[in-house]
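As structure tokens, here come the structures.
The same chain A turns up in both complexes below, where it pairs with chain B and then with chain C.
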Partner chain A sequence: MQRTRRDILLFMGGGAAGAMLTPAPWRLVTDAAIWSENWPGIPRPARGEITARYTNCALCPAGCAVRARCVAGQPVSLAGVAGNPLSQGALCAFGLTGHQLPYHPQRLKQGTPEEAAAAVRGAMAKCGAGESVAVLDLAPGRAASWTYRRAMAAVANGVYLAPPPPLGGAAVNLAKARTVLSLGAPLLDGWGTPGNVHAARANFRLIQAEPWESRTAALADEWLPIRPGSEAALALALKDPKTAPSAAQATGLTEKQILDLANELTANGPALVLSADDLPEALALNHALGAWGQTLVARPEVPVPDAWKKAAPERVVASVPDNSIRVLFIDESVPGSHIPWGAIEKKLVRDNPVVVAFAWTLEGYGRHAQFTLPTAVYPELTSDIPPAIDSPAATFRISVSLVAPPAGMADPSAFIAKAAGIDAGNALQERADAIHKSGRGTLFTYADGKSTPLKDIKPDAFWKSLNEGATWLGGAEEPLTRRRGDAEEIPGELPSEAPRLRVSASDTFPLLVAFTTPTPATLSSPLMSKLYQDSDLRMAPNTAALHPDTARASGITGASRAVLETQYGRCAIGVIPDESVPPGMLEVAAGPEILDICGAFTRAKVVAA
Partner chain B sequence: MIAANKPNKIARYGMSIDLDRCTGCGACMVACAVENNVPPAHEGATARKGITWIRVFKVDNGEEGPARRSVFVPVLCQQCGEDTPCVHVCPQQAVEVDPATGIVGQMPERCLGCRYCMAACPYHARFFNWWDPQWPAGMEKTLNPDVAPRMRGVVEKCNFCHGRWHAAKERAAAAGKSEIEAGAYVPACVESCPTGAIRFGDLKDAASEPAVAAKDAHSFRLLEKLGTEPKIYYHSKRDWVRQVAAAPKPPNGKENARG
Partner chain C sequence: MPFLAGALAALGAGWVGFPHAIYKSRPQPVDFSHKVHAEKAGTKCEDCHAFREDGTFAGIPSLSTCAACHAAPMGTTAAEKNFIDAYVTPNREPDWASYAQQPENVFFSHITHVKLGQLKCEQCHGDQGASDKLRPYQVDRISGYSRDIWGRTLFQSKAAGAVPGMKMDDCVDCHRKQGLSHSCLDCHK
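== the complex of A and B ==
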């Protein structure tokens, strides 16, 4: 048989076609996939000894206990600490990704501390009569806060400013509540310590009065959809049923609903009334319901060294005269409340005020300050965390540094103390010593889950435990050294001639702003984009949802860009039409820009971009 | 050392999710991403192209105004026990049901990226890597060493944190046990849920919480009529929630109020 060139070509073609029916090409593809799986573009996780370290989350005032899984000393995941009496083993989405914050693309790494110090010295020397040097502390109650207060006491015209304490400084004892009326408070969506709230949830009936079906309203035992801005009218009517008819008109509820609710609060006590923005009417209703001393209590102060007690008093920004602050330090190294920049700016002197912000990103007040000095961020920083709003006991816990901060980070306490000419010392350890000296309370250690009476622990061991993850819980027998928010300070009677709307209706700003995220003041880990970009669970920062009818009235069609305007200014936002938002409301996921133009409760308008 | 004479127990891991406790906080979603080295959303990612091994949907009863009621429903791979659709369609045998655990595993090394499995999955619980995984500079230091990042062009999905199962198995072996004790192995979403809405355990263990939940009259499974025997049991005492789950499509025709 003679083989031709044609036969050879046919054989080769047939062989190639036949090979396609064997596992060979698939094997080739598989091997290529395995190879490409390991190509240099894909990061390789680091290896090393796996250990557990403990700290407390510093991303919000709850200060939940944290167990960090570390590989070669680097935290790779965070979890709650089971059995912790405060946080009950829970961590929120922000807290679970906190270990990624040091690598945030917006991280601030460089500053000019020498230039800032020189400018501060010059401005302090120039400070005239009626002018002041001020510290704005967004997270008061820390050891660092006491350093600021001591520093401002040492300066002739020093002022220590802090946001007004929620509930007048009182603490909530949820464990005692049997009925909770929430006037728009995000009780199940980040309010207080999430683990503590969820642990107490089974024991109280939750009634949520709120215009829109928030996360809390969705899970409440009863949701009362009231008209936007009518919370105060409802609270007033519950305290004084004579106003029920006018409250019914304002809220959209029936008189019977209001009277039934009033009866339930009285009959199924102890009751607790919470509001989203500390309405005085809600505080007065609590007083009338006998909540003070039951579900609202005066928490004992965490002991401080005697030498610290000559400190500047705590004041709110509104109490300072306009155009009077020549030097302003703003500490936002630890997230806290946000005060609109417009409210701060008008307090500054007109000619060349010096504003120094201590921050880990330029997204906050750093946008407005002459100097922004970079600071460590959780979990790099070491700072104590003041007691949470839902902790009736005094607490002391430290957010311990789990990773070393980069070089060149500023220490706000040391900087301000130096400017004021005092020695900051080791304020954390001094305060721990003062607590130990009191001999009261117990220490809960995270690694072994044990509670030990403080009197059985030596000072060095106490300090060591605090730095390895522990919480000091003050006992109830502690003397009340400070009675902020006590019943005497709460108005028992309020003018009841007419129910008032929370914010007056306005033709200029027809929409009522409601924030969806309770602690939006900081940037969160890029991984939080899973919740608002890779899914629709939450809205992205600087985005607002509004009813399609409201959107149409504002000239907006479909999801688009728009401009949000309030009395403080305007900023660009993304807009999503959503039928679940009642007409007349704007559900806002705040970012730094929105926070700057919105107060605690704000009316706004939206116009098409 | 594993006891030689004791045969390994065959488990059938499952989950129960109490919808009356889920607040839609998203802790499970980010904890899952941290545990399984899922990168932050790519610049071009959307809700359709994003990777979320567990995703919480907001579902409502279709009413307007004060009558509207919503529920948050975490949806992950339902770990189908019978006729697992993704296994049947995979041309690469990249999807397998582990006989020792009942977990439906995905092997990205074998995956061709044909996405047949995504089309076959009735729960939309599979995700395609449209981009190479990228983390902001420095953040790769926080990656979990127990899980390899996946490349562009492959499909991935929930595997009940299989890395944790291996770790638990190793711990058990180190302690001289052949079986993992109840509670020694839990996925990241279960550990992170602040309300305790998600529970995990062996469905063969009658005392485990999912096994107990499976028998509850208020429990249901998604698309049960397909006969795929999912191992995720949902629970709600609210009638309308169970009715919505049984309905052929959501009342408003959308999976998500903002979808």
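== the complex of A and C ==
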């Protein structure tokens, strides 16, 4: 029988029709879909023994206690530690996803440490009179910070730079406060230790004076919407009611509101006044209200070995002459305060300064440095965490490495110590030994939830416990050795730029910049970023929202591109008109470019692109 | 006629050849009889497939559990001799293949289902506990899922008493029938 082409086509057609009546094609489609979810390129969590390990979160100065659920040694979920006297079992959203940071797409994995060391040696040899070698430490108070200070003391013209300490270095005792007036401080949104703040929250009345309805304002007992930049005027009027009429004009509140507030602060004490940028007027108001020694206390220093005390003093960037730093090391390996690059850049010498940044991402100062050396990131790194602002007691805890960092990561303190020719030794253990030697305080161990007096613990056991996530708590606060509070008497150097600029609006930069997140310098986990951006809960980086009237006054119509300008420079941004933003304010979703030109509180102007 | 021939050929290939082709199989390392252990030794499922102290499910028992009884040969069968010689004496864990291994993106808690939900082992694992011989382990060549996850038949039977598969649809069906929560994050943590 002869086969024709028609027969073959009919056979094929029959085959195709028959195949549709079998499970094969449908199953292949499903299988291919499943394969695409599980293909070999997708990372797979390890399988193995399930264990719990304890550490302390190094993502902000709060240093909350963390219980990590590990599978085959790999942390797969993080939670707070109930019973911890500082963090009280709480962990913020950022902390809950901290174990994902090592896999962040912006992670920096390669650097050139040998070339950086050679360039540093060359530049230090060339360092002339009036020039300096400096370390900018964004998270001061750590054992590594002391290494930097010792290194800078060993170097001719060495300078140790750190952000100004909040509240002049005092600590807040929220547990004693009955009334808290917050002048724009994000008290319920990233300020201090979240667990501690929320535990104390039931005992104080919170009044938030702020131009926009921030998350803290929304959760406060009372929100006083004041005009941008009028915080200092309000603080002055509360201290001296004679200035209430002018304060009413500046803030937009009524005189009665201001006087009632002043009465409430006095009658319902102890009171505490916090401002977002350490306004001298707020510190003076605290002094007048008798907050010093009650809600503001002098926290005892965490002991350090005697040999460390020959160290360079802590200075702020503004105190260094312009064009004087020849070699600058910047440690941003752990999240800390942010200083605009524009403020740092003008301190560098004009001819070939050497800037070495230690960072885990290229989103920060590394973009401007000649050398950016990759570092471990939480929870890979091992570092101590300085006491939080709301801890009246001295504390010492270690963020213990839960995951081995990738090969080739730089150790900032070892690098800087070597460049300065000092032996950094095992700084962390030396400091732990000094604390043990002091015999003060108690050790809180997480696994059993016990507090043990330090004098009952041997040095080896103390060190071992610290490496298992335990927290040392020093004794109660010490009495103040001298009164502080009047603006003229505030110890240390105040930041020259921020508070003064905020007091009065300037014609050149009429808008007050407010960030949508309390810690704009911190990158969050990839999962959190994705969830936020996919859900449209957060503006995209380098975008700003402003009131339509403000936009019109700036010559901007509708959503468009614009240029943001501050005293430190200018950058392109996206602009969204938003009626919920008060006139005179600019609500900004920080991106690297914006952070380069904006400090925590900056005035700015926006012009149409 | 050619159309019909083509259709019949495709139906045959799809219903008979495809189920064999889609799975690759390998034998289990030990010739193990659940039936002998249940009937002669009187063991129950949970004697070997136990929960740990922290509530996690131990799954397939490790060699130490087996060796507690089989430190020396118990009987003269070839299977027993092979087990002792190949695994117990050299202290080597058998390379068991788990019929019910869920993929990486699924979090399944046995203790929740057994203790809280009062499910019997057979409701998901079928008559495995009464088998005299371990079936070869079959795995889907494309998706990598065990055949037991899909269900042992190519199209799952919804008849009463039939062993369901262990796919997401099967879990959701059961949760829905019981009026239980079945949101994404219940299983995909």
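The criterion applied here is as follows: the second predicted complex is superposed on the first by the 512 of 609 C-alpha atoms of A that agree within 3 Å, B and C clash if a C-alpha of one lies under 4 Å from a C-alpha of the other, contacts with A are read in each partner's own complex, and residues count from 1 in each chain.
We take it that a contact is a pair of C-beta atoms (placed from the backbone, for glycine too) under 8 Å apart; a residue touches a chain by one contact, two chains touch by 3 or more.
If you're wondering where the values come from, they're calculated on a predicted model, not measured in any experiment.
Enquirer: For A:F11, using the defined touch cut-off, is the partner it touches chain B, chain C, both, or neither? Pick first, second, both or neither.
Expert: second
Enquirer: Check whether A:A19 is in contact with chain B, with chain C, with both or with neither, and answer first, second, both or neither.
Expert: In the superposition, A:A19 contacts chain C only.
Enquirer: For A:E213 in the superposed arrangement: first (chain B), second (chain C), both or neither?
Expert: In the superposed model, A:E213 contacts chain B only, not chain C.
Enquirer: Could you say whether A:L28 touches chain B, chain C, both of them, or neither, answering first, second, both or neither?
Expert: After superposition on chain A, A:L28 lies in contact with chain C alone.
Enquirer: A:G195 contacts which: chain B (first), chain C (second), both, neither?
Expert: The first partner, chain B, only.
Enquirer: Of chain B and chain C, which one contacts the greater number of residues in chain A?
Expert: Comparing chain B with chain C, the partner touching more chain A residues is B.
Enquirer: For A:E264, is the partner it touches chain B (first), chain C (second), both, or none of the two (neither)?
Expert: Neither partner.
Enquirer: Applying the document's definition of touch, where does A:D433 land relative to chain B and chain C: first, second, both, or neither?
Expert: Neither partner.
Enquirer: So which positions on chain A get touched by both chain B and chain C?
Expert: Shared contact residues on chain A (touching chain B in one complex, chain C in the other): 30, 34, 37, 44-45, 50, 77.
Enquirer: Spell out the part of chain B that touches chain A in their complex, as residue ranges.
Expert: Residues 20-21, 23-27, 29-31, 33-35, 37-38, 40-41, 45-47, 50-52, 55-58, 60, 64-66, 68-72, 92, 108-112, 132-133, 135-145, 147-151, 154, 188, 191-192, 194-196, 256-259.
Enquirer: With touch defined as at the start, can you tell me which chain A residues reach chain C in the complex?
Expert: 7-8, 10-19, 21-24, 27-28, 30-32, 34-35, 37-38, 44-45, 50, 77
Enquirer: Which stretch or stretches of chain C touch chain A in the complex?
Expert: Listed in rising order, the residues of chain C that touch chain A are 2-11, 13-15, 18-19, 22, 54, 56, 103-105, 140, 142-145, 154-155, 189.
Enquirer: Under the stated contact criterion, what part of chain A meets chain B in this complex?
Expert: 26, 29-30, 33-34, 36-37, 39, 41-48, 50, 71, 74-80, 90-93, 96-97, 99-100, 102-105, 188-190, 194-195, 198, 201, 213, 215-216, 218-219, 225, 525-531, 533-539, 545, 576, 578-580, 582
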